[in-house]
Amino acid sequence: MHMIRVTVWNEYIHEREDPEVARIYPKGIHEAIAEYLRGMENLEVSVATLEEPEHGLTEDRLRSTDVLVWWGHRAHEKVADEVVDRVYRRVVSEGMGLIVLHSAHLSKIFRRLMGTSCRLKWREAGERERVWVVAPWHPIADGLGEYFEVEHSEMYGEPFDIPPPDQLVFISWFKGGEVFRSGCCFYRGMGRIFYFSPGHETYPIYYDPNVRRVIYNAILWAKPVRRGPPVFGRVDPLEKL
Amino acid sequence: MHMIRVTVWNEYIHEREDPEVARIYPKGIHEAIAEYLRGMENLEVSVATLEEPEHGLTEDRLRSTDVLVWWGHRAHEKVADEVVDRVYRRVVSEGMGLIVLHSAHLSKIFRRLMGTSCRLKWREAGERERVWVVAPWHPIADGLGEYFEVEHSEMYGEPFDIPPPDQLVFISWFKGGEVFRSGCCFYRGMGRIFYFSPGHETYPIYYDPNVRRVIYNAILWAKPVRRGPPVFGRVDPLEKL
Amino acid sequence: MHMIRVTVWNEYIHEREDPEVARIYPKGIHEAIAEYLRGMENLEVSVATLEEPEHGLTEDRLRSTDVLVWWGHRAHEKVADEVVDRVYRRVVSEGMGLIVLHSAHLSKIFRRLMGTSCRLKWREAGERERVWVVAPWHPIADGLGEYFEVEHSEMYGEPFDIPPPDQLVFISWFKGGEVFRSGCCFYRGMGRIFYFSPGHETYPIYYDPNVRRVIYNAILWAKPVRRGPPVFGRVDPLEKL
Amino acid sequence: MHMIRVTVWNEYIHEREDPEVARIYPKGIHEAIAEYLRGMENLEVSVATLEEPEHGLTEDRLRSTDVLVWWGHRAHEKVADEVVDRVYRRVVSEGMGLIVLHSAHLSKIFRRLMGTSCRLKWREAGERERVWVVAPWHPIADGLGEYFEVEHSEMYGEPFDIPPPDQLVFISWFKGGEVFRSGCCFYRGMGRIFYFSPGHETYPIYYDPNVRRVIYNAILWAKPVRRGPPVFGRVDPLEKL
């Protein structure tokens, strides 16, 4: 079996500073996600966090990562530009998959890949979210019903300043009157990127079976193709064909 | 000024048979739409209905129509295949624009252009609909706010069995928990097609300034390009270039 | 290992009537493709042809097909509408993958799914075709270089009257001055469709390792998701959420 | 008549330093383009160049520009980041159109909006280019035939490291065996962007009637919609709807 090597990255700040968050995610959001993924026989899972040297994302680590899962919120600006460059190159030039979760819509790496501000509307009222599948054929929807619900969620709403997604998989409904493109695929260079919005730190969303399934499906979908790097630049004199 | 010739087509049955609908649209839905469009200095507006000979859509009429607006509900199957063929050719081979309203999602012409069943979920509860703009750059959103509301609307909800829209302009929120891709652009052959869902016959939706603005914007967007018809088939022996 | 059940369908007329074609494909194009696919450990491969009862595409056969590969040229109109309906439903309502090869661009099933005429330009001059990858991240390009060449090919050229592809994987260059969108993905209902143009009956193209690799990759890509059929129609009275 | 205010920007270096270029474009590429556009009754045209203060792109100038046309090649890095920020905001937050020509694929503003490297293959052999229309319905193709030719062109070829275009209008064929997505539309925030590749400084391409027509069409297509800026951030407490 071809194993997919996954690294789950988390800034890991809320969980250490806020008792309410610590209660929900005692080992951190990364471990809540990783513990589920470790149960999958086709994945090799490791974790990395902001305060490790080079944020745990050394050249070696990235080279042995097929798909990187990214959660950040409070410390986007603390992520070193050099590490962002490294992740960026690994996605665009070498095809590493990238799964961007929730508040990481404002992470440096996501904004750079999108070329837009990635801003949105939000409200923290613990309201009900319904996540509708609008791409019924999509592998990221594998095993899901026509929608699933998150009982208490942070609202993320339109306008969401992203390029038109290359594939739109989910649209969320919120009790307060908003909608949101909550599952979006993008292709950039050799790499595939999936943004998935459900997942606030004060709700136990990463234990939800549907949310977990989406993350797993997205990892399978985002794994790199096996092709050489693209060749750019000047080419030989005009051949006669 | 270059005038755009618009024909508003309506099956015109509900309004003659149902007193409640007749009260709202005494001259028919087509006239409610046409009366607004006649106020636009760059449009030449006419109407046509099912019970006219050839449903009012003769070769001549279609040849002098740049954009066709289509409303139907109860009598989709009564539209003659020959007329559907004619409209189809005029869209695909000659670039006539087509604006498909509300329950016309099940019209023969729309289903044929889409290649899918075009079915959806629905509920008639007069509930609130919020139509969010998700393509802020789109000419069909010109002059609109970030959303507009229809106070009493028929719910149309996902799944909506259409191909992925070539451009997704609006997503609707419904009080009952549904979302809907309510403004969708498609390109087929030389023609542009816009599907717009708000608009039930028992609600005065076609008097709503936002709904009317959307229809007007869509007409401007869908007007034909000026190009010869595409040339298919066998081409000359291999030239030396 | 999860096996993917593939059926390769061929009208199988040229090979029996034209000695030149018979020399290249003595057992038929379907067998040339199937023999390669049978070497893949994750595929279960069978074949079917036009002159079998129900063209070999009974309800049972289709129900046990995950991905259908389709080659046709001379006999599109001989394919029974009832069988086309069956294939159509299996794709749109149940997610069977469909790989449409070369001259099958004019098959009933492809035209119905597209909603357009699917016509194109063509020239039979055995000229050189270069198939460029323009979606470097795409699983259908897995294992390919930046382009591959088909030394002697039938030219298929633009305009190609299809809806804008949901993903464009390949663009072909032809010596005679034409280009062609030669690898196109479409999503329709629950199903995924891939159109791939290289492959004339008088050239040994289906023995080409790159062409074969593309067909194999497309099968993996098009396999059905595991989800229940979509539910359309009237929904319960407005719930309080 | 609603006038569209156009600014044509050029780095204007080759034309002053290289006699061969000066012979073709004695007043600069910007003036060759502007002279044509000034003949259009619905455009108000001005020009700006790199060596003017703030590169001629002051806040005032940009505020009174509806569509900006950009040509650059040798001096991309000399464009001040502050000016790039300003152009960027005007496109993404306020909807100014942007037409990016030829070697400006490597301009700071284009790369920032795309989020990718925007690299490509190239060859300077004065070879023949055929620009095929693949979006026959597109307003940027208005008035064009099925293709047009540029007799002597610099080759730009795939792979072209851009996100999948939101609309692909042109594909170019080159004598030497390459293809290129030569006319690409992108939506970013409130703004529309068109990249168009024909146009080297040593060929008189900007006098070509087809090339000029494309630029004019693109300006009409890219003009801003009239809508307020998007509102992001925290929204009011959960309303009861």
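Letters A, B, C and D mark the chains as written, and numbering starts fresh at 1 in each.
Following the convention adopted for this analysis, a residue touches a chain if its C-beta (ideal position, glycine included) is under 8 Å from a C-beta of that chain, and two chains touch if they have at least 3 such contacts.
Keep in mind it's a predicted model, so treat the numbers as computed, not measured.
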{"item": "Interface with more contacting C-beta pairs, comparing A-D to A-B", "value": "A-D"}
{"item": "Chain whose Cα centroid lies at the greatest distance from that of chain D", "value": "C"}
{"item": "Whole-Å separation of chain centres (CA-atom averages), chain A against chain D", "value": "32"}
{"item": "Interchain centroid distance [CA atoms averaged], chain A/chain B, Å", "value": "37"}
{"item": "Chain D: positions in contact with at least two other chains", "value": "133, 135-136, 146, 159, 164, 166-167, 175, 177-178, 187-189, 230-231, 241"}
{"item": "In the complex, chain A residues that touch chain D", "value": "92-93, 112-117, 119-123, 125, 127, 155, 157, 159, 161, 163-164, 166, 175-178, 186-189, 230-239, 241"}
{"item": "In the complex with chain C, residue positions of chain D that touch it", "value": "130, 132-136, 146-147, 158-160, 164, 167-168, 171-174, 177-179, 181"}
{"item": "Contacting residues of chain D [partner chain B, same complex]", "value": "95, 128, 133, 135-139, 141-146, 166-167, 175, 187-192, 225-228, 230-231, 241"}
